[in-house]
Every structure is written in C-alpha cells, then in structure tokens.
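For reference, the structure discussed in these notes is given below.
Naming follows writing order (A, B, C and D), and every chain is counted from residue 1.
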Amino acid sequence: MAVAGVYGSDNAARLTYSCLYALQHRGQEGSGIASSDGEVICVHRAQGLVADVYKEQVFPTLKGKIAIGNNKYSTSKDRHVRNLQPLVAELPLGQLAISLSGVLLTDEARQSLKRRGTIFTTDADSEVILHLIAQKAADMPLESAILETMKSLQGGYAVLFMSLDKLIAFRDPNGLKPLILGKTTDNAYVVASETAALDLLNAEYVREIEPGEMVVISDSGVESYAKINGYKVAPCVFEYVYTARPDSTLFSLPVYEVRKECGRRLARQDKVEADLVIPVPDSGIAAAIGYAQESGLPFELGIVRNHYVGRTFIRPMQEIRNFGVKVKLNPVDSIIAGKRIVVVDDSIVRGTTSMQIVQMLKDAGASEVHMRIASPPVLFPCRYGIDTPDKSDLIANRYNLEDIRKFIGATTLDYLTLDNLKGAINENDCCSACFSGSYPLV
Amino acid sequence: MAVAGVYGSDNAARLTYSCLYALQHRGQEGSGIASSDGEVICVHRAQGLVADVYKEQVFPTLKGKIAIGNNKYSTSKDRHVRNLQPLVAELPLGQLAISLSGVLLTDEARQSLKRRGTIFTTDADSEVILHLIAQKAADMPLESAILETMKSLQGGYAVLFMSLDKLIAFRDPNGLKPLILGKTTDNAYVVASETAALDLLNAEYVREIEPGEMVVISDSGVESYAKINGYKVAPCVFEYVYTARPDSTLFSLPVYEVRKECGRRLARQDKVEADLVIPVPDSGIAAAIGYAQESGLPFELGIVRNHYVGRTFIRPMQEIRNFGVKVKLNPVDSIIAGKRIVVVDDSIVRGTTSMQIVQMLKDAGASEVHMRIASPPVLFPCRYGIDTPDKSDLIANRYNLEDIRKFIGATTLDYLTLDNLKGAINENDCCSACFSGSYPLV
Amino acid sequence: MAVAGVYGSDNAARLTYSCLYALQHRGQEGSGIASSDGEVICVHRAQGLVADVYKEQVFPTLKGKIAIGNNKYSTSKDRHVRNLQPLVAELPLGQLAISLSGVLLTDEARQSLKRRGTIFTTDADSEVILHLIAQKAADMPLESAILETMKSLQGGYAVLFMSLDKLIAFRDPNGLKPLILGKTTDNAYVVASETAALDLLNAEYVREIEPGEMVVISDSGVESYAKINGYKVAPCVFEYVYTARPDSTLFSLPVYEVRKECGRRLARQDKVEADLVIPVPDSGIAAAIGYAQESGLPFELGIVRNHYVGRTFIRPMQEIRNFGVKVKLNPVDSIIAGKRIVVVDDSIVRGTTSMQIVQMLKDAGASEVHMRIASPPVLFPCRYGIDTPDKSDLIANRYNLEDIRKFIGATTLDYLTLDNLKGAINENDCCSACFSGSYPLV
Amino acid sequence: MAVAGVYGSDNAARLTYSCLYALQHRGQEGSGIASSDGEVICVHRAQGLVADVYKEQVFPTLKGKIAIGNNKYSTSKDRHVRNLQPLVAELPLGQLAISLSGVLLTDEARQSLKRRGTIFTTDADSEVILHLIAQKAADMPLESAILETMKSLQGGYAVLFMSLDKLIAFRDPNGLKPLILGKTTDNAYVVASETAALDLLNAEYVREIEPGEMVVISDSGVESYAKINGYKVAPCVFEYVYTARPDSTLFSLPVYEVRKECGRRLARQDKVEADLVIPVPDSGIAAAIGYAQESGLPFELGIVRNHYVGRTFIRPMQEIRNFGVKVKLNPVDSIIAGKRIVVVDDSIVRGTTSMQIVQMLKDAGASEVHMRIASPPVLFPCRYGIDTPDKSDLIANRYNLEDIRKFIGATTLDYLTLDNLKGAINENDCCSACFSGSYPLV
C-alpha cells in the first residue's frame, strides 16, 4: 500500500494525486484522497487504478491546503469497497482522517473495543486506530492521543493523519515500512511512501521519517515528536527485492543499485556457461544488468512485457498453454532460439510463474535455461502487509532446491544467499523474516 | 492501427480479442470486434483500451466461428466514436464487415460517390470501400468486387473483410503495412498485423500475406487470389524504428535484431567518450543494447517508465518543470549523477520531448548528455497512416543538426544515417519517405 | 414516436429538448437531438428516457440556432441503438439530418437501392429516405429532392429535415400523423408532433402543417411548398383514443374534449345500474369523467397509478397474482369494496390487462365490474406505426363480445361503436383502419 | 422516508425491493436493502430511484430469508451518499443493520457519545442508535438493549433492526409515523411504512405496529414486547394531507376517504359561484372529487401532470414564464378557457407554486380562479422529519389570508379549518403541530 500527503499548497489534493500516480505500483485495488479546507474534510475513494479513480471534476470537491491519500493493495481478507482509505470520522475534537500503509496487530484491540460497545463498519486496521484515538482524545491533545495509541499497537506501517489544520505522519518503531519527507519549490511539505513521488513533483528530498518518529506539520512548521525508542530497526528487505520502484531511494540506499549488486553477487555465486543474460521484466531488470556486468555475458531484453494488460483479462479458452504468463510476457524468439540463457527474476513464491517462463523460453528454442533468483527462497509468510500465501503454498517449503529446479524445468537453478542479500544492503539491519523466519516483533 | 481476424474456431471472437490485446500498442483510441455465426453479423465497438472495451458479457453476443477486429489509432481528423471499426453494412449480397489498418487515397472516390448520390455516415476510408464494393457486387461475386475495388484505390493498408461465411484479407500492393497468416493448434486460421498476436495464442506462423495478395478463407480452406503486380515492394521502415513490437517478426526480419543493429551502427558512426549508455524506454531499449555492445560502454536502465499512466493525466498545476515527460519517465539518480551519459531514443519528431529528457537527466546530475537517435531526421509527413505533424512542426525541417542540439540542450547529438538504417534491414527495399521524401506512390 | 425541431434560437437544442420532454409519452425507448451551427451538424442519441439521455454537458456540444429531435417508440423489429434518430449523413450538398415519426412503405425502395449497390447501416425508414434524397440531389435543389422523394413513398408520417441552414418539415399526404407549427415569444419557430410541446415553451400555436405540405424554415422565414394533393385526408383516430396527451389539441380538436365526448356517448349506449364510475388511469380518465357526467353516477379515482415505475421492473417472484398490473395500478379498497363499479378504459388489445384489472377490482371487493371501453374493438393491425400485435393476438378477432366478457371476467362489457367514435370527432374524416380494416392507402 | 422489511422468504430482498417500489413516493433521494443469510449481512445502497438503484445482478448478493430496506427522503442537512440506509455495523453480539424513517432528537446523545470517545462516520440518527445499542449490548440481550435505547430517545419514527436471525420493528411512542405488519400467502412477514406495500405483494394486512411497541420476528414467530406507555398518541396529520399514498389505509382510516371528506368540508365552508372544480394533480385529486360532489359543480381534470419528469430538469433558458411548474403541470385549455374555476390543492407552503398555478390557469383563459386548500395554513416547521422550510419562509407566517390571496393572484382563497381537518379524521388524536404549533413532545 502507499500513503502520500501534502501540507501547504492550494493544490494539495492534486499534488497528492500525482504522488499516488507515482506510487501506483504499491497498490492497484483502489485509491482515495481526503482534503481539509480548515472547516471540513472531504474525501473521494473508489476501486480501480489512480488513472481511473480521479476525474477532473473530483478536484473542485477536494479543496484546501492539506490532503492525504492512499493506494490500496489487495489482500485476500478485505476486498471490499468499504475498506478503501482514507477513512474520515467525527471525533470530539473534530474531524480526523487516516491513511495507513502496512499492517498492525489490532485483533486484540478490536475485540476489546467491541466488548466495550464500540461498533465497526470496516475491516481496516485504521478504524481500530481511530476508535482508540477518539477514546483517548477526550483527555489529551490530538498529538498525545495519537502517540499513546501508536505506542499501544505493534506492526509495520506508515500512517498519515489529517485534522482540520494539521498533517501528522507516523512510522512504525521498527522502521519496517518506508516513509519520507520532501518539500516542493513552493515550500509545501510532502510525505510519501517512496522518493519517486517527490521526483514527479520536482520536490526536494528532505529526509526519512525515522522509525518510531511522529512528525506534525502545521502552520507552525514541521515538529518532530519524541521517538518511540528501544525497538530494533529493521527495514523490510523485500522492498529492495520487489516492492519499491527501482528509481526510489529507500532507507538511504538507491533501490536500483541494491538490485544490481544482488545480480552481481548472484553471478559470483557460481559460474554458468551461457550465451546471454535476460531479465524477467520489469522486476528482474536491474539484477540481470548486474549479473551480466559481473559475468561478462551479454545482456538482452529477451522477454518483452505487454504493459497494456489491465487488471482483468478474459481468458479466450482453456487450452492455450501458459496463457496466464503469455498475456504479460512474450519471448523474442530471434534472441532466444538456440541459445543458453541465464534468466534472472526477483523471487519465487509458488513456482508456477517460473515454470511457465521456463517452458515459454524452451518453446522459443532456448537450448538451456539457467534460472537465477536475486533473493533467497521465500520460506515464511509476511506479517507486515505483503500478501504472501500460506506457508504450505510456498514452493521452497515443499521442495528442496533440486526438486524446485525439476518442477520449474530449468537446466540449473540458484538463489541469492541471505548473506549476499544482506551484503548488498551494506550489512544493514533489516527484516528478512520471509527468508529467515526471524520476525522483529513477536 | 491493428487488424486481426480468426476463421474456424468456436471461440473466434475471444481469440480475436486476444490478438487485439497483443496489438494494443498499434492503436489505443478504441477497439471493435464483429463476428458472424453464418446468419447474422454482430459487432461491439467502443472507445478505450482493449482491457476496458470488452467485458465477459460481450462475448455471448459475438457468436460464430468467424470474427474480425480492429484497434483504432487516434489521428487528428477522425476522433469520433462513429469512426470506430469494424464497420458493418447490408449489401445486396448480404452483410459485410470491414476492418482496415492504414490509409487509402479515397478523397476522389468519396467525392465521386457523393456526386452520384451516395451518403456517408463516417469519415473512415472503410466506408468508401464498402460503397465501391456494393456498387460492383451487383454484377460480380464478392471476391471480384473486392479485388476490383482495391485495384482502383491506392494506399498503404491491411484490410480484413468478413461476409457471413468468409474471411477475406488483403494487403496493399506496395506491402507498406504488415499482415501475417497463422494457424492455431486447433486448425483455426488467424490473420493479424503482427506476429506477436500469434505468440499469445500459441499459433503457428504460416507466412506473410504478400503485397497485393488477396487471401480468402472459407470452408474450402485458404485460397490465394492473383496478386496485384507491377508495384514496387516497399514495407514501411518506421515499423522497425517505432511502431512494431520488438518481439514481432516483420517482413521476415525480427524487429529486435533490426533495432539492435541500428544501435550498433549508430555506435560505429562516431566514438563518444562516455560512462554509460541508457535507453529512453521502452522504444529505445533494443537500440541502446546494440549501442552498448558495440561501444563497449556499460548498459543501464537509467530512466524508469511508469507503466500505470493512463490515457489522460490531470496536470496538478502549471509550474512543475517537464511534468509531461516526468509522469511517464523518471531518471535513476544514483546511475546518472556525475556521469557522462549516452542516451538512445528511436526518433525525434518535434524535439520537445527530447529537450525535456535532456533537462531531466541534467537535473539528475548528468555531467554530459549525448543524445543518439536510432533513425534519421524525420523530414516529411507520412501519407500512409502514421500521424506525423505538419512539415513545419518537424524540428528537422526548421533547424540544422547543431541548432537541434542546442534546442534540446544535449552535449552532442547524432542521428543514424539513412544508409545505415537501410543497412540494418539488409538493404531491403522499403518505404523511407518520412526520412527521404521519396514516396512509393504518387 | 415524436419529432420536434426549433429554428431561430440560440437555445435551439435546449428548446428541442424541452419539446421532447413534453412528448415523452410518444416514445420511451430512446431519444436524440441534432443541431446545426451553420458549419457542422452535431448529434447526441442514446437509449433511455429524455430525463436520462440529456445531461447538462451534452448541450455545449449541440450548438447553433437550428435543432431537430426524436423520441423513439419501441417496435419489435428495430430495438437497436443504431436505429435511434436523428440520422445524420453527408450528401453531395452537405450534411443532412432527419427525424421521422411514423412508418413509410420503404421495403421496395430499400430492395431497389440495394440492387443498385447502396449499403445500409440501420433498419430505419429514415435511411432509405436519405439515400433517395442523396441520389436526386445531384440534379436539383434540396427542397425539390425532398419533395420528389416523399412523393415516391407512401405512409403515415411526420418528418423533419435539417441542413446546415434550413429546417424542413413534411407531413404525410393523408395527414395520418400530427405535426404542428408554433412560435416562441422570441420569434423562434417550433415544429412538433403535439401542441403540448408548445405549451411548455409558452410558444404560440400558429397552425397545423397540412397533409402533404412541406414547410421550409430559413433566414427567409417560413415558406410553404405546393402540397401533394389528391389524397384522402385521414388523421389517425387512435391519437384521440390513446396516443396523444389529453392537453394537446389535435387536428383542430382538443383531445380531452373528444375523450369526454366518447365517455358521454358510451354512457348513452346503455344504462348500467351501478354505484360509481372509475377510470383506468391515466388514459381512461377523461372518458370516465364524461361517462360519469352523462350517467349521473359519481366519479371516483378508484384505481391509483404508481408513476415511479421505471421501464423495467424486476419481478420478485413468480407466484404473486396479477403482479404485472399491480406494479402500476392499485385499487382504493375503501372506494371499491361492496360497490357496483363501472370501469372505463381507452381500448382492449390482447385482453390480458383488462382481465387482471377486473380480477384486481373483485379482489378489492367490487360486487359488480362493468367494463366500458371508450373505443370500438381493435380488429386490424396498424400499418402506420402503432405497434399492435398480429391479427391473431387481437382478442376481438378471436372472441365475440360475450366471450371477451367471460375472458376478462367482467359483469358486463361494452365498447363504443365506431359511429359514436366518429361522432365524437364531429364526423371528421379519419383513419379508423384498426377498427374497420379500411386503410386509406393501399 | 420509507422502511420495509421481510422475514421468512427465500426472496426476502426481492420482496423488500417491491415494497420500496410501492413506497417510492416517501423518499426519492436514494435507496438501500440489507439482507441476512444467517451468517453475514450484505447491503446494497445507492443514490437514485428504486427503479435505477436495483439491477438484477444486485439480488444474488442479497441472500437470505431476512431483509430490511429504506428509501431516503432528501433533507437539507444530509444530502450525502454516506447517509443512505440501512447502516450495518459489527457489534459485540454480531452484525446489526438498521433502517430508520423519521427523526430522533439525538443531538445530545451524539455529543455525549463523542465526549466519551465515540467516532461518527455519518450524520444519520441511525448511527447514534447503533452506538447506544452497542454500548448497552455488552450487558443485556439485543432486544433489551434496543428497548432501553429507544426509551432514552424522543422522536417520531419507525425503525427496523436486523440481526443475523431476527427482524425487530419499533414504532415511536407517540405513534407519529406509520408502521404496519402484514403476511404474504407464503407466510412471510412484512413490515412497512404503508399498506400500499402489502397490496403489491398480495400480502394480507395483519395490524398496525402500535405506538411504543417493539415487535420481534424470528423463527419463534412474532413476539410483541411491552410497549412504552404514558405517551400521548398523536399520529401525523400531514400523512393524510400529503405524504401517504391515497390507496393506503393509515392509522385505521383510508387516506382517500379522509382527503375526500376534507374536500367535502371545504366545499361546505363557503359557497363559490363557479363553473367547475379541478385538482392540482396528483395530491389534490381526492379532495377535489369530494369538493365537486358536495358542491354539485362538475369535476374535470383541468390540469395534466407529466409523469415522465425526472429528478432533474435542465432549464432550457431563463425567460420562460412559470417554467418550473409547467414542466410538471399543463392546463387543458379547452376546459379552462372562459370558465370560473375552483382549483383544489393539498397545502400551501411557500406560496410560489400556487402563484404559478394561478397564473398558468389565467394564461389558459380562466375568468376566475378560486383557490381552495384542503388543509389549514402551515405555520410551524415539522420537528419529526418533514422537510418544511424555516418559519420565516412559510407564507402563512408572513401574510394574512387576503395578502396571500393577492400574492398568489387568486380571485378568492380559502383554507380548510383545523377543526374541519380534525373532523375529517373522526376527531382522532393527532399531531397537527405544523398547523397549530402544539408539538406532542417537548
């Protein structure tokens, strides 16, 4: 999921929309923007892509100099329009909007609230947070109520709040999810999940919101509230592997460089006799370039991606082999035929897509297909918002390396080691629980 | 524009839809499919992308074992829903549908028809063709009426006709536009603008429809009618430069290889002192890979393309520099900063996009930007369907090389020579009128 | 069907829209308006009610001081969006739009045109007319081409043509269909099917367009062209019985008065011992008032009509008795229970609705139900555009009076005699073919 | 507003939909239905008319044998899609849906809840009720929580609750709003605002829900809970005057008869020399019939209503006199011209519509226009849900009788006296606060 918010521009909603556009890759199920003109908070939310959700006529209804937005990522449990964010509620201290990216462990708080007579209208963690804040806010200022509430919950998240006159950003104490601060040439502040959102606005990168930090933006400027300390800093390594845009800089490292370094280290793990290196586009491109540079093998774009593919595709008939993958990916036969191919992908989850890609390359005439994965085997489900399947559906839990190779039909198969992945991010602390099972919070 | 048609499958409309999906890059304004069940021709047409135009409920209305479809490319003169194809009309010999890609010189025929009392309800060349066929078809069979009609018109086109029980394909005598024949594993025939449409269906490539050839597909099989001869064969070179998918094979040459060869020859034209080669994605990728391989400079994907960009983007405000290009393209700062960059693009038309790309790279810290164009300067408008601007808007007509370089702000600028472009397609005969002004038909 | 057109107002399309609103009862399948600004004709057409078809954003696209419009009536053969009018075509002499209400005997002309190579894209009679005009217009002015064309065709119709600078109205030589001329307080001319359209605009009624007359409205004012003579004048009597609004004046007689007079004469046909008179609303109201006044029985609105019923109603389940009628009509039990009821309806076609109404009244406690029909038995299908069923489905063709009474379950049943119906319209000549089988044209 | 609910049919949602169809006149802003299949409550809500809100594909999502629905009436303060009902919330004891018609005095409860940290997402009174129930339901069964909650609130309302397995109906202790119970031939129970909803389903009328009574329908049958007593019974008299359908029976009296009796009493108030009596349709019809019968003057439908008028009408231009009224109402000139007219309407609120009607009749040639109003002058705003304007906008507060007559331009003007209105409903206790200022609750 993606969050973005703007403080201090007459075009706050439009700038937030541009950010959401740039962050579309983080959530394609639906999108929403809420804005405040100082007197009332208005909101527009709908299912679909950013390009479809916002029409010109939406923006005159989203007035004011503050706005926050959200792109929703589809998870199995909450595919319902009512779960789209931002949520807006009336609190004793006035209206409050919330946009959350990530996951909080709110089940207990939800049950406890219910027992005390609180009603719920969505499945969103955000609604739990709003209730908790509302119940605290009778006795303390909004900032304190937010701080106390977030302290009481564990999870990996980036969250934006908007009251009538403030924009408040909060990042989880482990720093699992990214959240950055920028500034436009007109001195409006921008908070967003990734730096790519700043680039589109020509906004200057100011800094990361730090793990456990609460940043309050108001007419008094930007204030940073005492951080929640004592937590292990552990940014999500999967952001580097797959989630983030390659042109973003994440937790102070450029994503593209990390992916290239993964490719280089992967090439050093063993030496393949092959004719060329191709990526599975788009997520494998940077790693494949790194692999090619390190191995000295030529890089080719041997698989072409059809970017016009919408969210749904009507299958024409059952019999077409590998149709699911072929709608998106098509090999360049003249490159592939008769060649020994190293194909680089970012990760393997269930293994079925990799199997189809290998078949497709063999159908195109590849004499050998060496699959190289720029991350370790995915062994554990993510608890912080990435929609991985159940443990039993993760192929690396069911098969050993040789059996996975046989299943996908590759000539050889290799994964990047966890040590090499960590090396690629400068031995930084990170959450690699999906590979190691070592979750930063329990 | 794209055409596609299927004969001999119970899923004819669905297979045609898949072809149109694969050919989306050739026309994004609208799409349509007509199908025949032997008793009546039904049609569905709408503005928008293939992914949006066809819903599951459309297909039960498109019954039968024959279907033809069309993706419409937007030209300045005919942006009206009534101009979407296929057109369907009642003729004396029954219903006839038409799907046309390309341009015919029909103005004179249209005026002559009007003078004789024919009415028109669209601006499409297809409608002129239907009228001409209808007037001939009183005296001769459909095949002859089509052949006589097409002989009487000049242009660059690929056209499909569908009667209640036949699918008829025709390619212009100069062979300007591509049109290929394939066969599915279930022995249905497929006719389409590019081979990429066959790949998605796992259909076998049979052969090109030859210049001036009419192919009639019916229960009697595939029949080829005497070609219109005496024309110079001149496939459109711009298909290689930009239009076609890199994974298609066109006029017997793989597009990706041609583009790479253009890049290699461009690298040989002069020697640049630089640190790396990057493409303008996606159209410049293959040429940039060729350039990198020939020059020995490292290849990097230094500009990232946002593929979620829809057909319209609401500009958030006027002041953001280079916004138009930045919505789609974003530099990877860590790659670009402090480097001497060779950036490879497919062509320059007006020059404004190139200018924005150069600025964007300099803003990202490039110390030098060497713009290399994998085709010659565009000097003449296309007469056969590519929507180039007026001659006076083509920057190469207004400025010399040095002034273009200054205009776009590049450190150096070079275009591929026409000889080298022709060399890259094996000195094949081709139409390169947009570069040379030498039109195959006058 | 309804036609309406306006000449000479900057709000021509908006005024035409108001007319179509007032004439909604004549056609609910779809609506369209074409307007001319002197340079181009634009058109908007869609399926649905006038209130849904036109949104505010439509009108800026319908510029100019001339407009013509159409409400389409659904007939079994042409329920397709392509058959909506106005049609617009390019002719040698420029664009021409047509809006037709009624039916022409065009089958022969259509076949003959097809044999000569003319193509058709709709099933509408209007398209035949356009082709015929186009073929004549090479040799003569538009007015003559229209006149010659209309002379060559037989039918019952009112038709409006619009060229870039003229509005031309034509009424069939028998005068079967109504067409009237009015003038707004701003001196714009209005042509419409009924006077109710003028009332809404506060426009003054000028006169009827006469049978066989062509009226040309241009900057030179209103010109009347030599009428097609020698035809028997025979306005459609069913307009008085059912089609027209009760507040319109038709063929110089107020519809409400004619219906009341039918009711009075019906009351005089025999004397019923009853407690009260109720109409089947809305079409039976005026006749029921006349009946009540003549018979001296009290008039009550004993059946209430639900006017919110849309064009489609989703049947909740099969078992509910008389559901089809009850969605629209509901008896007022307190009025009906224990009473001897005279119920007045405009006509009986298949008999099923009458049967349900009688059952419904008995269920509501009526002790006797005397059905009185304010027109004669419908015995023959209409050839001029009223969508009556096949002869065999007309109940009066299958049963005699007593058997119809038994079928519908009424205590007694009486129809107005044809003589009395003619008497109610002052013995005027009229077409009463649906009752008498005597068609004015053969 | 309207409520309707069904218990015990596999077609519960469809039957509820039919009820809402029949009750469309009570609320046209939007509609919603929630249904329970015993495991989950699903809901469909949208702005618009019932005919537009529900498509066939909605019903498969509304499974189960219990359903409740709502038609929303537009009031100035809550025109927002989020205020559509039924609302559905998760409570400690499971899901609960609510559909409310009427108004509760909830401001204080809302503020108190807010102070205690409750958040609100709508402006609807229903949401306050849900919160109050949720907070009580921790300690007692649902039925008790509802009873306690409703006891704590004052207002005029009819409300339906639906849990997973129960349908609970509650009517306000004053009995201001109607709520009736019926039973289908299949033994499903129906609860609805008016008896007209039963008629459409052929359902049998069982009885009124009594003032202050709670009825619980479950597999155990229908249980009635101890009524809230000690309140003055005071059904809303405006239901008889305007709100209810004429074919409904309300608080045990047939609405049509009450309206006719009002007309009769109005005729007895003074004697007018006139030629005929006409109603303002549809709301004035029954009273006009009563007036005509009592006075001996002939009844005519001298004004015709256009029932195709949608919720919005695009005004064609500013200058057309009385356009707002003329879109809906049009005089029958032949009836009106030269006549002395008594015109009967149900009420006068602001006076502007009456003024336009009088002008329209004079324009149509009426020599005298005697306006007769079948209810007393509206002097006080309604506190229980009828959207009357501010006191200062009620014309009867600003002018005396003679000045109102002058303002609307009538020859004479008379209102029904409050005594006569009460007489027409058999001196029943009722709330006539809008006429008398005597509110049953303060």
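To be clear about the criterion, contacts are C-beta pairs under 8 Å (C-beta built on N, C-alpha and C of every residue); 3 or more make two chains touch, one makes a residue touch a chain.
None of these values were measured; they are calculated from a predicted model.
**Student:** So using the touch definition from the top, which pair is joined by more C-beta contacts, A-B or B-C?
**Tutor:** Pair with the higher count of C-beta contacts: A-B.
**Student:** Once chain B is fitted to chain D on CA atoms, what angle does the rotation have, in steps of 5 degrees?
**Tutor:** 180
**Student:** What is the distance in Å between the mean C-alpha positions of chain B and chain D?
**Tutor:** That pair's centroid distance is 61 Å.
**Student:** Find the geometric centre of each of chain B and chain C from their Cα atoms only, then give the gap between the two centres in Å, rounded to an integer.
**Tutor:** Roughly 51 Å, centre to centre.
**Student:** So what's the Cα centroid distance for chain A and chain B, whole Å?
**Tutor:** The separation of the two C-alpha centroids amounts to 35 Å.
**Student:** Give the residues of chain D that touch two or more other chains, as numbers and ranges in rising order.
**Tutor:** Residue numbers touching two or more other chains: none in chain D.
**Student:** Chain contact topology under the given definition, line, ring, star, complete or other?
**Tutor:** Here the contact pattern is a ring, one closed loop where every chain has two partners.
**Student:** When you check every pair of chains, which ones turn out to touch?
**Tutor:** Here the touching chain pairs work out to A-B, A-D, B-C, C-D.
**Student:** Which positions of chain C touch chain D when the two form their complex?
**Tutor:** 11, 14-15, 17-18, 21-22, 24-25, 28, 49-52, 54-56, 59, 185-186, 196, 199-202, 245-247, 249, 254, 256-257, 282, 285-286, 289, 293, 298-301, 304, 306-314, 316-317, 319-323, 326-327, 330-335
**Student:** Show me the residue ranges of chain A that touch chain D in the complex, using the header's touch definition.
**Tutor:** 87-92, 96, 114-121, 130-131, 134-138
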